[in-house]
Every structure is written in C-alpha cells, then in structure tokens.
Amino acid sequence: MTMFYILLVFILTGLLTLFLGPIKVLRNIVALLGYLAGSALFIYNIKPGLIYSLNIRVYNIHFESGFSTVFFGIIILAVFLIFLLASFHEENDGAYYLFAFLTLTGAIGVLFAKDLISFFFLFETMSLFSFLMVLKGKNKNSPKSAFKYLVWSVFGGYAFLFGTFLKVYTTHSVMIGDISFIGGHIKLLILLLILTPFMVKAALMPFHLWAPDAYSDSKDAFTVFFSGGLSKIGIFGYFIALFKIFTEIASKYPWFLTVIAWLGGITATLAGIYAFMQDDAKKLLAYSSISQLGYVAVGFGIYTHYSVVAAFFHALGHAVYESLLFLVVAGVYYRVKTTDLRKMGGLIKKMPLSFIGLLFGIIATSGIPPTIGFPSKWLLYEAVIMKGDLLLTSLVFFASITAFLYSYKLVHSIFLGKLHKEHRDVKEAPLGYATGIILLLIPLFVLGVAPGIAVKHIDYIIRFYLKPELGYNLTTMTTPLGHVNFPVVGIVMVSMFVLSLIIYFIFGSTYKADQTDNYTATEAISDDFELHYAGEFYGFMRKAFGRPLKWSFEKLLNAFLKLFAFIGEIARGFYMGDARVYLFYLVLFFSLLAYLMGGKL
Amino acid sequence: MVSPILVIALSLFFAFVIPLLGMLSKKLPRWVPPISILVNLLILLSNMDKISGGAMLITTAGIKPPIAINLAIDRFGFLFALLIQTVGFLLSIYYLAQDTKDERFYMLFLLNILGASGIVMTGDLFNSFVFLEILEISSFGLVAVQKDKKSLEGAFKYMMIGAIGSSLYLLGIIVLYLSTGSLNMADIARLMPNIPDSIKLFAGLLFLIGIGVEVELFPLNAWAPDAYEGAQDSISTQLSSIISKAGIYLAARIFFTIFNGFYALEVVLYLGIITFIIAELAALMQKNVKRMLAYSSIGQMGLLLFVFALISKRADIFIFTTIILLALNHAFGKGLLFLSLGALTGGTREYYIDSLKGSGKSNVLAGLLFTMGAFTILGMPFFFGFWSKISALISIMKAGYVYLIGLVLLVSLFEIYYYGRVIVNIFSGEGKAQKTGFIYASIMVIFALFIIAFGVWPHPVFSFAHKAAVALFERTTYITSIMGGM
Amino acid sequence: MIRKIVAFIFAFYFGFILYSFIYTHFPFGERPLKGVAAHYVEKGVQEEGATNIVTSIVTLYRGFDTLGEVTVLFLAATGLGLLLAGWKEEEKEKPEPTLIMETTTKYLFPLVLLFGSYIFIHGHLTPGGGFPAGVVIATGYFMMFIAQKEFKPSEYLLSATESFAGTLYVITGLLGLALAFSFLANVAPLGVPNTVFSAGIIPIIYIIIGFKVGSEMTGILQHMKEV
Amino acid sequence: MNAGHLFYGSSVFLMVMGVFIALTGKHLIKILLGIDLFDVGLNLLIISFGYVNGGTAPIFSRYPHVFKNVVDPVPQALVLTAIVIGVAEIAMGLAIVMRIKEKFGTCNISKLKELKW
C-alpha cells in the first residue's frame, strides 16, 4: 500500500502546485515538502519484498519492490532533489511542477511495477510528462526536440506493448517473468521488443537521435533530472529485460549480448567524438551523457558478475557526475544567459564553486581516482579485457580518450582563458545551484573512495542471477585480474597531483596578467578583440572525423519517413474525388462483394 | 413511472413548439434544446435501475410486438442513449452562447439528437430506418448551415452517399420482412435460423452498405472528410460524437443481435483494419488540421469496427466491453478535439497547420485541451484512451490475431506523428491573441473532465460498460424479453 | 465516354444482381401473407375499427413511424427554410399569367381544398389519407402560386399551422400514454366500422396530418418559389 | 413474359437508370434526379413485392363481409413512409444545390473542388 501512497503523494503534490497558481514561493515550498514527504515514505518504508495489488475491474495492478527498486529509487529521488533545488531559480509555473512530479511518479512507479501493463502505464506516464516538460522548454527549438522525443519514446513504448502482448499470448501471464522456456525464436523477438524502449531511454545508438536535442533544449534544471534520473529507467529496463524476463539469454542467445556490448561500445565512442565537436555546453554534455550510458550497455553485454556490477555502478556514477555537470552549466546559464561555449571564458574567478563542481565532474567523467568514475571504469576495463574481445576493448579505451578531450574543452571554454567583457559583473551561481553542487560532491568522493557501500547493494540485486566472482569490502575490490584498494589509489593520485603542483610552482615561470588582458606577443590589439580559444576548438579533429560522420542514421530514417509520406499521399488520393466518384466506390463495393459471393446468392 | 418513450415524444413536441415560441420572442427558441435534452436526461436516468437483464419493452398503440412498433431499451442502448443525450446537452449549452441564429437551426439540432436517440432506443427495424433518415437529413442541413462553399460541397457529398446508402438499407429491411413477415428486430432475430443462407447473405450485404456509410467503413467513407471539414466545429463534433455512435449501435444491433454474426462481420473484420490503416496513412501528411482530425476519426472508427467484428472469431463479452470503451473515448476525445480546434482558430475557419502556429500560446486553455484530446485518442496514460486502447489490444489478442497488434501499434505511431506535429506547432512561435468565451471554455473543460475522470478511475465505467456488453452479448435474453418466452 | 461505359457496366451489374436475386427468391405474387401482415388483415378491423387496413397500419400499428415521417417532412421544410433564408432577391422577368388561368384557378382553388379535406376525413374508409390530402391541398396552393401574381399566404399562419398540428399530433399520442399506458394507443371509441365517425383516433390523426402536410408542402413550395 | 418480369424488371430498370444517371450526370440537379429515380424504383419494387396473386386492395368497404384474398398491406404502408422520406431528401438536396449554384456560380459537379486538401 505504501508504494501506492508514494505515487499518490507525488501526484497530489503536482496537482497542489498547479492550483497554487501565481505564488512562486508557496509553490516552491509545497513542491519541496511534497517531495520530502514522498521520499521519506520511500526511504523508510520501501524494503525489498513488498507486494501490493489493486483491482480495477478488468485489470489488476500489481506492485512489488525488490533490491533494484530501492537502488534506482534512491538514485532517482536524489537527482530529483537536485532538480528541485535548481528549479527554485528557474522560471517555473504550476504546470512545470505538475509535469515534473508526474514524471517522477512515472519513474518511481516503473520501479514498483510487477506486471507489464502497469509497467507500460507508468512508463508512458513518465515519457508523456517528460515530453510536456521538454515542450515547455527554454528556446524556440524546444517544441521540435520535444516532438522528436515524443515520437521516439512512444515508438519504444509501443514496441514494449507489442512485446508484452506477445509474451502474454505465449505464456498466459502478464507478470514480469521468465520467457526462456518458450519454444522457437519468438522469445528473442519478445526480448528485443521489450528492450527497445530502454535502449531509447538510455540513448543507445541507433536509438539516440532524440537525446542531444531533447537534453539541450529542455529547461536547464530539468535536464539535470532528465539525464541523471530518467536515463536510469533505461538501465533498470536492461536489468528487467536481461535478467528477469529472459534469464537464460547468456546460454541461449550469446550473440545477442555481444551485439548489445558492441552497440554500447560504438555508442560510447561515437557519442564521445560527437561530444567534443559540439560548441554548445548542453549539447556537449548531452553527448557525453550518451557516451557514458554506452559504457553501461557494454557492462550488460558482457554479462559477467563484475561487468554488471560495473554497469550498475557506472549508472550510479553517471547520475552523480552528469547531474553535477548539467547543474553547473545550468548555474552558469543562470548568470551569463548562454550555453554557447564560444561566448564564455575565464569565469573561474567569478564562479569558483561552479568551477570546482565542473572540475570534479569532468574528473569523474574521465574516470580518474579518487572520484566515483574510477571504480566502475576500472571494473569495466577488466571485464572487457577478460572477455578477450580485442576490438571492443580498444573501442572502449578509445572512448575514454574522447572523454578527456570533451571534458577539457568544457572546462577550458567556460572557466579558463580570457574573461569576456560583458561577464565582468557575473556572480557565483545562486544558493540552489550551490547547494546542489555541494550535495553532489559528497557522493562523488565518498563513493569514489569507498565504493563498497554501493557495490554491496548492487551485489544483492544481481547475485541471484549471476555467479558471484567479485570480492569486495568497503574500500577494496578483488577480481580475477587483481586487487585494488581505492583509498590508496586515491592518495597516490592526489599526491601525484600535489607533487606536480609543487614542481610547477618551483620550476614554472609565470607571468601574472589580468583576465581580460590580450596577451599577444608584439602586435597591439585593442581590448575588445576576443582571443579566447574556443571557436575552433579541436578543429583538426573535426576535419578528421567530420566527413565520415556525415552519413547518419537520421538520414536513413528521413528516407523512411518520405516513403510513408508518399504512401500517405496515395491513400489521401482516395478521398479527393467528387460526389460521383464516391458513389462509384459504393457501387463498386457492392458489385465486388456480390461478385465474391458469386453463386451463393 | 416515466416512460422512456417520452424522450422521443417530448423532443418532438419541443421541436414542433419552437416556431410557435419563435413568434413570441426571438430569444426563446435557443432555450428549448437545453431544456428538452435536460428533461430527456432526467427521464433516462429515472429509468436507470428499471433496465436490467434483457431489454425494457415499451409498446406503442397499446399492442404487443411484433404487431405494433415498440421501443426496446437494453443496457447497451441505454448507455448509447445516455452518451448521445449528454454530448447533445453540452452542445446545446454551447449553442446557447452562440450569436443570433435562425430559430430553425435549433429545430434541426434537436431533431438530430432525437434521430440518434431514436435509433438506439427503437426495437423495430423500419422504425430505425425512419430515425436514421431523420438523423441523416438533419445532418445534411446542419453541415450545410454555414452556407459557404466548403460546407455546401461537404453536405452535397454526404447527402448523395447517404441517400443511396439508406435506400439500400431500406431494401435490406424489406428483404428481411419478405422472408420473415416481421419488422420487429427481436422477432426477426428469433426467426433468423429459418431464413436461407443466400437471403441472409444478400440482406447482410445491403445492411453492410447502409450502415457502412454511417459508421465510415472503408470504401463508403469518402464523404466523411469532406463533410467534417465543411461543417462548423460543433457540427463536426456532432458528426463524430453522436452520429457515428448511432451507426455503431445499429451495426451491433443488426450484425450481432439480428444476424448473429453471420457473414457480414467477417467482411467488417477486414474492412475495419483496412479503414484504420488507410485513414491513418491519409492523415499522416494532411496539412489541414480539421481534415486530419476527420481522417483520424475515420481511423478510430475503423479500429472500433475491427474490434467489434472480432466477435465472429471468438465469442467474448470483453470484446463488446471494449467497443463501448472505444466508442466513449472517441465520442469525448474527438468532440474535445474538434471543439478546441475551433477555439484555437478563434472562429476564423483557417485550419491550416501553419496558420495555427503559436495559437496554443495565445490561447493556453484551448491549446492544453487540444493536447488532452490528442492524448486520449493516442491512448496516453491518465487519459481514458489508455484503457480503451489496451482493451482493444487485449481483444485482438484474445481473438488470436496477436501479430496484428504490431500492425495496429505501428499505425498508431503514425497517429503520434501527426498529432505530435500539430501539438508542437501550436505551442511554437507567437500567435495572435484570441479569447474563448466562458461557456465555450467550460463545455470543453467538461469534455476534458470526462476523459480524465474516466482515465484516472476507470472502475465505474468498466462496470457500466461491462453490463451493457452483457446485455448486447446475450441475444436470447434480448429476444425473449421482447417476444415473451417463445 | 469511358466513364459512361464503366458506369453503365457497373450499374447494370448492380441491376442484374438485384433482379436475379429477387426473381429467384421472391417470385412475383407467390408469397403467402404471413407474420404481421396476416394479423393485420384478419384482426385489423376488429382491433382498430378502420376498414382501410393500410390506414390503420399507417396511423396506429406503425403510427410511431408516421410520427417520424411527419418529422422528416417537417425537418425538410425547416431545413429548406434555414438554407434558403436570407436569399438575395433577384428581379426576374416572370411570365404574366393569362386571364383564363387567373380566373379558373380562383374558382378551382376552394374546390381543391374541399377535395383535400374530403380525402383526409375519409382516410380510414377509402384509399387516401392525410398525406395525399396534404399534397392535394398543396397542389391547390401551387396552382395559385403559378396563376395569381399577388397571391401570398401568410408565412406566419403556415408556420403556426405546421407547429400547431405537430404539437397536436404529439399530444394525441401522449393522450394514449396517459389513458392507456401506451403511446399513440387508440383511446377513442371505435364506433361502427365503415362509417365516418369510427376507428377511434385514426380520423383525428389524419386530419392533423392533412393540415400539417398541407402547410409543410405549401411552405416548401413557397420557399422554392421565392428564390 | 409474365407480370413479375414486368413489375420487377421495370422497377429494377428505374433503379439502374437512377444509379447510371447519378454516376455519369454532370449537372447537380440531374444527379439529384438520378437519386430520386433510384428511390422511385425502389418504392415500386417494394410495392410489387407485396402483390399476392389475385389479391385485391386491403380495404374492406363491405364490412363485415371480408375478402380473404388481399395483397400485403405492410409494404404499402412502408412505401408511404419511404415516399415522404424521399421527398424530404430531395427537397433538402435541392436547397443545397440552389445554394451551391449561388456560391459556385455553376451546377457542374466537376467544378466543386473546394474540399481536397
């Protein structure tokens, strides 16, 4: 029953904020209180193993909570808190919170669902209201991006529904349960169909087309939740599909897993390349988010105990640092009103906290200890190497390189280099953003040093399905390849950093200049001249990769769309005659049927 | 005891009285439809618990059927009557707020509602033809009432197909009369096993065409986009929410109760899915939003008919529950869409997608309501459409066409595409500021409330629909309750 | 041309199917009276008191249909009025009626009206009834429209007659509901068959219908004429 | 050639002609007349269905002396209704056509091309 109440609390909070109308402060407070009430209910009452069902005449809604529910629920709720903190400073209205809370309802509800129809209901709720959220977005392109997002997510949802019905038809059960025993290859079709919406949500290529636009064109605060929170539903779905629905996938269709792993690898790499070619901070982050989610798919594709642990942990890490990065960019946008990397620079002194947040965010993204990005990457590399697929291994490693590249571009373009004139009076991001940054920095380090806290929980989720191979305690992990102690690695890393800093201070020659100084050698240039290196950042890379990437999946899709449009035109032609033609259809219809009946008359 | 025949008798009385009232005052006639329909609703509701199990028999001329005409209201017909009167009531309130209209318009409107209620209440085949004609002729008038090029052309096309279609319907009735010697639906249904198959086939064909025109079945539906586009918005609402529903009732009554699913349903099965696919494809690239809605309406009706015809593959009450849910969803959803589209255009009758740009921003309420209507047609959660869509898919699965679900969902994806396109368009860019009148807005809000209330808590609707479906499903109960224990 | 040929082929195919069907299944004149028809013929006179069985079917057994039918006509009249309302008058040269026409119609008109009344009053005894009577009356008016230039019946009166007759019809039906618990029940005394004052409410209904149809058809003609 | 061929044949012929005219006519009024012809043919057909060999009209003018052999009265009653309905339909159609003539300036059906897109 609690599960139902939690959802109810969120829905009611949304409705209440809608009716509070024009009073912003009240709205914010109610939203926060409602959120706190709901999350308190969740954290104190939701234990694995709860069951609840509700009968509405023809359908029964079945809820169940498991370890995965708690794991993903806490991630999503935490990210939602960050979103709330940021949205206090956003332009918001009643509908904004209504949509946000209904999205949250859907996202949390999906975790509870035990039967596929409820799952679909809540999944669609989530898609629908996040679509409305994007539609309300911040710029002219938002409606278009929202449209793309809607079509893609409904495509996924319908595939899921088709899969559901195939499953119900073949197994006579609507519950989320095993389909491995079904004869024939229909089970693979069911799996594929059920997996589709999650691949869409987790933006696995080639289902990622909506993601960059939708991420970058939604409101900044919402992007935090969108990328950090909602994509986790995709990961949750991988877990549901590959472990709960098709338990024997590894023995029956190993190649299917390989395909997923490869898709993940390709996603990680290609999205990384796309990322460093972007000139818009949010687009860059969107691609970075997609790229990171690719790693998760790799983890699931390899399908060993520690690879899946890595995938889950990476999802957790993704939630932390991706939210952090988007939050920082949202704060910067709040102050400088742009996300165009070419129009920023040198904000380090104006917004030091944001800088620190972004810095550690990108450090985590690149997987450097002692942050949360390191344990998962480490495990994942080991898993890839153990699998012995050299090509995939090199792909994944290459993807990490792109992560360095775009991370650096981000931090350089926003915070380093020359300060723009119009940004002289910029202040630090306001309280909500700052609180969010600090709140996110805590797990970023804590889980980086002591990943055991989370790994223990992840292990509970999957140990039922996979043979435990990973040894761990609070701060260490043991794999077939070796043993790692995270605090030690972290200390080594930090001391290396300190060492190099000392060397730099002793031996480096520095010249102190104002942030707006035009530091040219001999030529005299006026102060207005922009010398910040941001416009053609990685221009050589663009030259190298740009042309092959021109051919895109999007074009193929457009061709398909044109085909349907053509068929539609033909169908429409039927309705373009005059009255006599319509009468002719009638007579023709009569004659045809009479002819078909033939001798029976 | 208030006899439900008063629903028809009093509506007629009120319609006849309108000219007399019009002589007294120009303001009076517009109050007649709301009052009349409200009275009808009260009469219907007072009979609600009297209708159980089989059909409620109401004789005319004091003589038992099949000798005289009788009304036969079972739960299925009652539900449709209630639906028709409810939508009619809302629309009559809407007309109350409209500016100076010829008083004769109200008569036409009232008679249109009357015709639809007559169809769903009558127990006599020829009587249903008379009511069908009342419905059709008043519809031609209502479609043409705008008196501009588009509406006249739409009305003419509708008239032409409708006239021939209903003539063939009459011929079908006569064929059944000649072979059974009766015009009473229950009596004919009782005598049906005695009729040779070849006559059944031919009569089925004639009925298929006659009803097919009303329910917008594939090759007979070409008039529909034109009539929908030509008519003014409230009349389009009426066409999709009331008139096609009466057609659905008639289809169920004739093809199931009378023909007992013989032959014609199998044709409907194929034609239904073809209608669905072709109409949705045609809507895909449609630039005129109103015409797009018309295609979508046809498509929904096609899906409904397809699901209905599944009964010939598997006898299951659930299938009938589903068609009731689909019909309710279509009635309220499409009604809301047409009305809110009218509000978005601000009465300019400019329906092109480009001219609607930004209208949802200047008229937020109408934009949101349009979105809600689209969502319920698309079957989004928290809207009634979700339940009806899922039920439709379950019905298809129960009948064993599980792979067709994929097809239906694929075609539904087209729906998402074209509705999404419109929604995105009305919320982007800047539009001219327009206002919607209070009454207009509240009518739309009531439509939307129905959709959301049914969507959030579908339990009562399910049980109501289920009972209605049972009433339709048990045709022997229907027959014996009319004809006595024969 | 091709269009015509195709249309010809399909129209004839339609006719062929229809004809072969009815000819095999319902051979002309060989169908015995059965079902309700047999009942009407055998019991009709006792039950309703009208010697014209068709009349008792039209007004009583299937009186509800007739009410609908009257409604359809009413609908057509109002719909026509609605569609043609606000027509821009064009000055057209209308042919001048000759003196013979003018004089004859003046004297013929009352006779036609009388004939019409005769038909609807004797509807339950002889062929005819309210509908033909109404059309006959309308013919009288039509004559006048053509022959008399200045003839113009009051639209007010026409409309009032129409509405009043309609409401009376419904009230007659409701009377049956009130007195015999059935709409349109024959509550008046049946009388002796084959006399004018017999058959209960049938003559009343036919008189109402006569007035109604007459005024409606006249109204339609007048609308058409004014255009 | 018996009476059946004559009655059925002529009424079906009228219906066929009606459909043919409605399918090929260019003028709107012509098309309406085609529809009317169809209706008339149908009504005749229905009347002919009611015929009983050697039957007389179902009017018992010499009551209580009752003829046993009368034609079926029901189709006649139905046709009465159908005729009136046909009239109403045609009247409505004519009104629409008159307005079309006013707005489009033509009665040629192939010029009615407002509703396409």
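When the chains are written out, they are named A, B, C and D in that same order, and each has its own residue count from 1.
In the analysis below, a residue touches a chain if its C-beta (ideal position, glycine included) is under 8 Å from a C-beta of that chain, and two chains touch if they have at least 3 such contacts.
Please read these numbers as outputs of a predicted model, since none were measured by experiment.
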Legend entry - Farthest-lying chain, centroid of Cα atoms versus that of chain A: C
Legend entry - Chain occupying the most central position, where position means C-alpha average: B
Legend entry - Chain pair with the higher count of C-beta pairs in contact (C-D, B-D): C-D
Legend entry - Separation of mean Cα positions, chain D and chain B [Å, integer]: 28
Inset, instruction - Indicate the whole-number Å distance between the mean C-alpha point of chain C and the mean C-alpha point of chain D. - result: 15
Inset, instruction - Could you put a whole-Å number on the gap between the CA centroids of chain A and chain C? - result: 74
Legend entry - Rounded Å distance, chain A centre to chain B centre (Cα mean): 44
Legend entry - For chain B, residues that touch 2 or more chains besides their own: 126, 130, 133, 137, 140-141, 144, 147, 156-157, 160, 164, 178, 183, 198, 202, 225-226, 286
Inset, instruction - Going through chain C residue by residue, note those that touch at least 2 other chains and give them in order. - result: 7, 10-11, 14, 21, 26, 31, 33, 36-37, 40, 62, 65, 68-69, 72, 75-76, 79, 83
Inset, instruction - Note the residues in chain A that touch 2 or more other chains, in rising order. - result: 578-579, 583-584, 587-588, 590, 594, 601
Legend entry - Residue numbers on chain B that touch chain A, as the complex places them: 156-157, 160-161, 164-165, 168, 197-198, 201-202, 205, 208-209, 213, 219-220, 222-223, 225-226, 267, 278-279, 281-286, 295, 318, 321, 371, 375, 378, 380-382, 386-387, 390-391, 393-394, 397, 402, 405-406, 409-410, 412-414, 416-417, 420-421, 423-425, 427-429, 457-459, 462-463, 466
Inset, instruction - Name, in rising order, each residue of chain B that touches chain D in their complex. - result: 126, 130, 133, 136-137, 140-141, 144, 147-150, 152-157, 159-160, 163-164, 167, 170-171, 174, 177-178, 183, 225-226, 229-230, 286-288, 291
Inset, instruction - Would you mind writing out the residues of chain C in touch with chain A in their complex? - result: 7, 10-11, 13-14, 17, 20-21
Inset, instruction - Spell out the part of chain D that touches chain C in their complex, as residue ranges. - result: 2-5, 7-9, 12-13, 15-17, 19-20, 23-24, 45, 48-49, 51-53, 55, 57-64, 66, 70, 72-74, 76-78, 80-81, 83-85, 87-89, 91-92, 94-96, 98-99, 102
Legend entry - chain C to chain D touching residues, read off their complex: 3-4, 7-8, 10-12, 14-15, 18-19, 22-23, 26-33, 36-37, 40-41, 44-45, 51-54, 57-58, 62, 65-66, 68-69, 72-73, 75-77, 79-80, 83-84, 87-88, 125-127, 131, 193-194, 220, 223-224, 227
